[in-house]
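Below are structures written as structure tokens.
Each of the next two complexes has chain A plus one other chain: chain B in the first, chain C in the second.
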Partner chain A sequence: MHPIRRYLSSAWQALFGDAVRAFGVVSAVLLLALAIAPAKNQFAQWHQYQRRYLSLIHDRGDAVTLRRRFQPGIHQTWLPELGVVDRCTTCHLGLNEAGLGDVSQQPFRKHPAIPHSLDGFGCVICHGGQGPATTVAEAHHSERAGEEPILPARYIESGCGQCHQNALPGTPQLNLGRAMLTRYGCVRCHAITRPDGTRVMATDHPPSLVHIADKTTREWIYSWLKDPQAYAESTTMPNYKLSDADARDLSAYLMSSSTPREGDTALAATKAGSSADLAAGPSLYGQSFCASCHAVQNAAGNLVGGDVGPELTRIGNKAKPEWLAAWLANPRVYDATTLMPHYRFTAQQVATLTTFLQAKSDSDYGTGVHLDAPIPAQVAHGKRLIVELGCAACHEINGVQKPENFAPDLSTIGSKPLAQIVFLPGMEVSLPSYIVAKIRQPRAFGASVKMPQFALTAPQADALTTALLSLTNRSRSMPDTLRVAATVETNYQPAGHAGKLINELACFSCHRINGRGGDMAPDLTWEGSSVQRQWLIDFLRNPNTLRPSLIRRMPRFNLSDSENKELTEYILAVYQSPAVDADAVPDPSHSPDVVEHGKQLFYSKYACQSCHIANDKTDKGYIGPTLTQVGSRLTAAWIYSWLKNPQALRPGTTEPNQNMSDEDARALAAFLMSLKGQGAHGAKL
Partner chain B sequence: MAVKTSAMMDKVRASRVWRSVFRAGTGDSTLHRALAIQQSIFLHLFSTKVRKRMVKFSATWYLGTLTFGTFLILVITGVLLMLYYHPSVPQAYADMKDLQFVVSSGLFLRNLHRWSAQLMVFLVFAHMFKVFYRGAYRTPREFNWVVGVVLLVITLLLSYTGYLLPWDQLAFWAITVGSNLSSAVPLVGNKIHFLLLGGNQVNANALLRFYVLHCVVLPLAAMLFIAIHFWRIRKDGGLYVQGTEPKPQQNNETVNTAAEVK
Partner chain C sequence: MITRIRSMMVRAGIVLVGVFALVGVAGCKRPAQQATTLKASAAGTALVESSGGHQLGVTGTALKDPLVVQVNDDQGTAVPGALVEFHGPFGVTFDPAAMLTDTSGQATTAVTLGTIAGRYQLSAVTPGKSKAVTIEIVEMALGYQQRVGSILNEKHCSRCHDPESSAERVSNFNNLEVKPHAFAEGDTLNKMSDADLTAIIQHGGPALNRSALMPPYGSTLSASDVRALISYIRAVADPPYQSAGTVYARK
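Coming up: the complex of A and B.
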């Protein structure tokens, strides 16, 4: 017999030789198997971490306290209404221990200070991961059965965005991402519905292309389509990576579909006669505060100016002079909804600015573009391309319908199961890495992807990813009481002739009134209660800044006296706050005693001079508005109400609520009303 | 030692209490041994006498017994799992996670149930192959083969219904696909689909239905058919051993099973 066989045979005999022996051996094996399960419990990972924690705190000064607070066993945060079962604290034992601030070793590190209690929300709501798990691998990385792995720390602000639909001071990245979703046109193709059912609306203003032939040339359109960033670095228009033929056909369709705008040429003809004052160009550009909205690249290559309107670095390459003149004379003729105000420029000023802007051009730009007259097949192909690429989702184009639901809905993109995602080879298999890659290089995911190439920096892409990751299923299933609603733009529309004037001057581009408008300039909702008539008239005639730390940005609109009066009366009559009671106001003519008392309160009791300047010789406060002429600017009733409760009039203002007594508020108001500045109203000029 | 133990056992067996529970008394006679089998509710399903060659490993490879063994393990672990499980949405998934992460030996229990289930399906097939290729399905055992086929179907249904209970993505989609197969039945396909799921898609009702089927209806049906299966072994002449059966009946003769057995 073969030796191995003989050995096996004798082993078999020894173990299972007779019935009793076989029974014994099988029983022993069974017992051993059953012992493995409890043994695995005993040597579980979390046991080891709890032992390590105990040895970590063993030698510390506060060991007694820490050990008393330590409880062995599995810990969990259970919040049924949130669907939270988080056992992270089983191993992360130091999260709530203020005394462990010096420990940097995970998993025992103290949690950084956040506005919420850790027990109130658990861990997974912000950090992701599998809360119920009690092993590191399962809790942090598992994703094969549809679990959600830990969120990389750089996207942590997305957790806040699940409940907080409004902008928070502590989440700059999330705020930027959300602003970009509306500013870069993302939501014009992709629908995003907030958990409360409202749609996220775009805030950008892509130009209408129905009269494009009035504005520019086909060659410029061709160069622009090929590479928008080559014309203006800061543009939000993405690069569609068009072939030469596609760009040629697209530009052919846009030019052929464009209809002329009568007003443009008519206006241009009348202005053509005026001569330009070459030297006055830069100063007119500066005085009109064009740079508040428009940026221009300076010699060093840096963009200087605002981002409300388009960049003007190479405007001379783009705009036809006659169109530019007509636009400056009255932009609303070409585009009725533009954010640009209707400045009341004189014909000479228009000519000056036109010449000044036309000079902003790059002689190298667009050279070498020679397009032959298009044939009908090319025009037809151009139209097909416009439909395919979804150009009409942003731009109004003659003959093409605005597409509905052009791109996938992103309302729950933050919970997209990994099983539904096709990852590129070599890519990290995680939702954030997929979203970042898709934003940065959409066309890398295949030739059929229509999404164009946006010019984004890495921080911008991360911010967008953060905003998208906050759109989770959990944010929709959360109890309504936890949700902080977004501030949604109202569609407030001022009435009458003054309302038309407010629209023409595009006040909403910078000012907010009744929940509509920009945030560049002060909210004017209660302006009528706050200012005096004469000051308002003077200010509209020649605006000045009120705060020493701000550059002056309100432009002069060259309003006629009747327009000025109309606007002033409207503001004073309509923008009245119910919180300001004109009857509860002290008589403006006060005794010098009361004024003196108020002055003492100002400088000693309330120390207002730390933020405000009442006397420009002695005071150094640069936080709040200068008050040297406040007596001729604000109404006494407003000052009184403001001092009593600033937040009631302007929520979120940094002015502290001092809980002033009526008497103190009256005395201070009397003092402030006595500050009329040097001379009369005219002194401010 | 051995003598002492057996003498003690004899004494116990002869006691009044023992006799009141187990009606058959003690004794070495064939009669007593036969009575011990015949008078037990569990054992009377089996033959009172078994030939040695029938219980040799080579005769059956014990495949049927092993299948029954996995079934017992599944019943025991299944009952224990039921103590931790709510058939409701989404608690079912959370319960499964609790079993995995916090219940003592919960993972062991789940794995034991799962692997036994896989093994049982495998053993059922192995058993049937063995029966088929050795020809043990032939007269007079045709009906027991049919019972076996019913048991196969029950086993597969148990396996299928159990798949939904973890209520994870795999379960959800597997059952969605599986139940959609039933929609392909002509005319009544959609009705069957609706009946199976208690709705038009896999949801809370489907989970409850599958739970009841998996834990009550199908196990009871399995036990009933297992009992018939075992009882038929006795009635059909004991376990089949190749080469020791009587010659097959001539076609023109009527089959008299009773005569064959006695």
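Coming up: the complex of A and C.
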């Protein structure tokens, strides 16, 4: 004790023994303290980067300009309304330097061209990371509570999705991810509310199971539940990894709860009266363009056909023949909201197609499934499982309520704090790595996890992750002026009897009208202004293809004459564009001079033959519709307005706007109207 | 007392050094664990690219198709069980980066390109019988603007400019009296200035005294769309396009 005290007191004496000494020492300490800040600056990481930048530009031809623009010290982009405090440009000094395009060394590379100014949005909005940080470790890699590491480049499109709720042409991955959220039924279990308060709605069409026993067998249900992709590789139904007993009990409940549907068996009578024309099966399937919506696996194992309806590779294994016949005769009896048209097939056509489709089966499928008649306890267990697994979130099932908020809300999943996430051992600690792992292998996070196994490729999982990462807190606190609203499908419903016909023919499955419907076929919103009455009647009776290179085509429906007339009159009366002025082209019977002038314009000035065929002997253009009989098809007023501005009538059409004078448009319209085709109407192409 | 404190400090120091050493050893061990040891059962004398080269990818993302190379022997027959390693510049990852060829002599890997837009030169190496055999594979990563250009090309231009047809898209190339060039034809397109490209895209063939079969897009596409198309055309040019902008020379 004693020596220490002596030592201390002598030190005290030496430093602060008298006023002068004390003053000197205190001043020295003060000076040192003052020097700490500049010294820290001098040795700071960002300072080293700034020195490196200076030496990088030192030898360049444009060093003088670059050096003049260089500002030493910490840079900051502060955007209070976006919550952005970004100091990234302290080290990323070349981001805005157009001249540094050839520099590939980080952190000095020029930012790639994007539609926004970097100063207006800062960096972290898209890239994540810690904006205010001034060291690489903190800015890029922080895993501390409330912070996030920088976003891997492959998810960068999620940044766009925070403001842009609509599909952008430049963000295919985000668009795909968003489409999958609605197509794979994700939003049937997980609620997602957009920042403007609208709900993301599912666009898939999971079948109702209330009459399932009419459609298929218990054995098929069992095999399907065990492995949906084994039946149809392309199905979006996930795999619940059910045990044999669970699949047995689920199938037992579904069969026992199913109620019969009258129409499904009533048709067996009509079917008995007509026999199938075996040879006609493939051609009827082809003519009806079933493949536009349904895919079938070919011999090489590739799926050929559309994905609007279910895959039909093994439909014979699933559908009972009498159900299939009834379905083909009128699908709306079994499912009033199906996307499948009511083709109005004759009884013989129904029998032919039924036989043709029944043959699409795999003799190995479902062999070895033997189910004994269920006991009540199994049925009851099946029902419990349905409630537990949330089957009714997608499928209508007798005796089970559709669950509300079955799975966690994902509206702000993109800002989920890392502290709330349980990472698996060995997993990278970041939100994207968690989301992608959860999507790809949900059950890896525990056997009790209810989320099923989806059959997703790596790019699909990345796309979904991108869409989910865009659902951030920031996207909700963003000023409204920055928000671009989603294009939401309208619930347009055509009126009256014709409207009912449009529903029965499922026109909306392929065509868009007034903001509702598919995009496989042309938008019909202005069809009434566009086409002539007789052409429309003929086309509905026997659709021929307008575009030589189209693979998907309009199917033929067996419409009665009165149905045909009704539909035609409705289209002509209702689907009229205010922009197409019938008076703009006064006289459709133009003088030969005008027609000849129009022909000149067609072939020389505008070289329309590069895409269209006006004369099938000389022209070969293969992109736009054939025009050999356009004078019998389109109205003069439509052609004129179309030539003046195609995108105004059909946004997104690839026909270029040629900025045509009124005079040229009139002459071309006159020439096109003179192309009546061989024969009266509907001559072949 | 002082000695007590001193010995405590020494002890703490030893413990600290020990902890650091352990952390260090653990840290060094990690990469060693990652490297898998593959035992090749055969070796070939030649390596060929089967598929997956010359793809247009997107920066930082996986290429659409896997890269497949095949190991052959002197007779040109496939060699199964040979070791193949893939290498690429910084930022490129292969999954897997090394593997043995399958029964048909092929090695397949998924490639993720780096975050810089541009041409990536990758290589595949097989030890070979006497000396290692290497082949070079080129892939392309498009940046944002270039990708917008590629999407616009797909929608508006490729039907005429790309002579190849696909199942979903029939090419119109053969129907044109004056043949356009595929955008990859650097020999021709590299000679056109940005201003000329802009002129012909916006105002059509006649703008450069060329055929009107090339339509004008100035009223259909925005100026930034046209810039995006040009950046795409420059990106896919083969031989590569050298920017005609400022040339920086060392003093």
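Just a few scattered comments:
Note that the second predicted complex is superposed on the first by the 625 of 685 C-alpha atoms of A that agree within 3 Å, B and C clash if a C-alpha of one lies under 4 Å from a C-alpha of the other, contacts with A are read in each partner's own complex, and residues count from 1 in each chain.
We take it that a contact is a pair of C-beta atoms (placed from the backbone, for glycine too) under 8 Å apart; a residue touches a chain by one contact, two chains touch by 3 or more.
The structure presented is a predicted model; accordingly, all values stated were derived computationally and were not measured.
In the superposition on chain A, A:479 makes contact with neither chain B nor chain C. When the two complexes are overlaid on their common chain A, residue A:156 makes contact with chain C while staying clear of chain B.
Contact with chain C, but none with chain B, is seen for A:458 once the two complexes are overlaid on the shared chain. In the overlay built on the shared chain, the residue A:145 is in contact with chain B alone; chain C does not reach it.
In the superposition on chain A, A:197 makes contact with neither chain B nor chain C. Contacts of A:417 after superposition: chain B is touched, whereas chain C is not reached.
By the touch criterion defined above, A:592 lies against neither chain B nor chain C after alignment on the C-alpha atoms of chain A. Comparing chain B with chain C, more residues of chain A are touched by C. Across the interface of their complex, chain A is touched by residues 1-2, 58-62, 64, 110, 112, 115-117, 143-145, 147-148, 151-152, 155-156, 159-160, 167-172, 174-176, 205, 211-220, 224, 227, 231, 243, 245-251 of chain C.
Of all residues in chain A, only 36-38, 40-41, 74, 83, 85, 87, 130, 132-135, 138, 145-146, 417, 419 touch chain B in the complex they form.
Residues 90, 94, 97-98, 100-102, 104-105, 107-108, 168-170 of chain B are the ones that touch chain A when the two sit in their complex.
Across the complex, chain A meets chain C through its residues 1, 4, 59-62, 99, 101-102, 104, 109, 112-115, 152-154, 156, 169-170, 172-173, 458-459, 462, 548-549, 551, 604-607, 609-611, 620-623, 647, 654, 656-659.
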